[in-house]
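To keep things simple, chains are lettered A, B, C and D as they appear, and every chain counts its residues starting from 1.
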Amino acid sequence: MKELISKIIEFRNERDWKQFHNSKDLAISLSLEASELLENFQWRTSEEAVKENIENIKDELADVLIYSLLLVNDLELDIDDIVNRKIDKNKRKYPVNKAYGVKTKYTDL
Amino acid sequence: MKELISKIIEFRNERDWKQFHNSKDLAISLSLEASELLENFQWRTSEEAVKENIENIKDELADVLIYSLLLVNDLELDIDDIVNRKIDKNKRKYPVNKAYGVKTKYTDL
Amino acid sequence: MKELISKIIEFRNERDWKQFHNSKDLAISLSLEASELLENFQWRTSEEAVKENIENIKDELADVLIYSLLLVNDLELDIDDIVNRKIDKNKRKYPVNKAYGVKTKYTDL
Amino acid sequence: MKELISKIIEFRNERDWKQFHNSKDLAISLSLEASELLENFQWRTSEEAVKENIENIKDELADVLIYSLLLVNDLELDIDDIVNRKIDKNKRKYPVNKAYGVKTKYTDL
């Protein structure tokens, strides 16, 4: 992961794009890329979309990861740290005995 | 990264949630989490948002990563592979001599 | 507004697209069009974006309205009814004496 | 529609919120509300979502309309004008003889 982040930062530095990358605009970009990923599933069942659009799905998911890693880097976060912390929170929000096999939002559990 | 994916899949299996996780709904979730991340920046400058909301930003960015990793896992993708491939495509779309210091979209370069 | 809805439905019927327009996919489309609108503001101040991209902003905002009106039509809703109801709810969530001049979310007021 | 816009502007003025409403943040809000609308369809079929969540769907669709109308007002646009213009463009992008009964994107028609 460190190696991927290095490559992405190198790509940015070669183009002198750091000047545009404030966190607010990176968060906008991340949201736009997530939409472009979702666009592959529009008007299709999940299976149809994966079958027809897998190459584009890979590219857009990669873009989501790239912008996520830029934010992680620029905000000086640690991926293991933030993801583990969130999984722990989710465990408390969705205790197994209440959440098993149901898709109810935690606010309604 | 493999370890993080294992933890996320373990969390899902303990709750028997695989049954809900088709790729289309995971792509919807990823888009919703990216929006919740962006919500932290609404009505604020980038600096204000980071200062006021960093804890929530960490949580929402973690959620984006969690859903991204679920999609990577379920579609049997390799992160290094898809991200490196996309960086290579971006290098062709944004050659340094044209893209240096400008924020123009590749379609207008 | 009725007239606009008629035109949009006529456009759809001429192409026999009603068969694709379930509400879930229309909600996805609406979200995608809102992202395309937002894309005009990426990497720019609000003023720069409006100055540079006003023609595309008009088109994407129109697309947001078109999908909103399709949902209103297909779910047999009344625009006056749902908007007035929501304004009334917002008045209760954001009473003038608490919300005046502050951008705090109602959950924190 | 004019009447609705007046009510929305009155709501904003009573709270002195015009100062926060630059177009970029309004476009962010519109995107966030479209996501909240979409959230009602997550993990559900279209029919299940409409049956279970119609009241929330009405509220979130109203929020999408409210932010759309704020943008229309602040950018001094005319709804009939921008929607009719976009329908005309869509007619050229999707001619009936090519688009009838198919969900192909215009770039692939």
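Methods note: contacts are C-beta pairs under 8 Å (C-beta built on N, C-alpha and C of every residue); 3 or more make two chains touch, one makes a residue touch a chain.
What you see is a predicted model; the values in this text were computed from it and never measured.
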Q | Selected interface, B-C versus B-D, where C-beta contact pairs are more numerous | A | B-D
Q. How many angstrom between the C-alpha centroids of subunit C and subunit B?
A. 25
Q) Could you state the distance in Å from the CA-based centre of subunit C to that of subunit D? A) 1
**Q.** Residues of subunit B whose C-beta touches two or more other chains
**A.** 20, 25, 28, 31, 35, 38, 41, 43-44, 103
Q.
Please classify the inter-chain touch graph. Allowed labels: line, ring, star, complete, other.
A. complete
Q: Would you pull the subunit A residues touching subunit D in the complex into a rising list?
A: 28, 31, 43-44, 103
Q. Can you name the residues of subunit A that touch subunit C in the complex?
A. 20, 25, 28-29, 31-32, 35-36, 38-39, 41-43
Q. Can you list the subunit A residues touching subunit B in their complex?
A. 1, 4, 7-8, 11, 14-17, 19-20, 22-25, 27-28, 30-31, 33-35, 37-38, 40-41, 44-47, 49-50, 54, 57-59, 61-66, 68, 71-72, 75, 77, 79-80, 82-87, 89-91, 94, 96, 99-101, 103
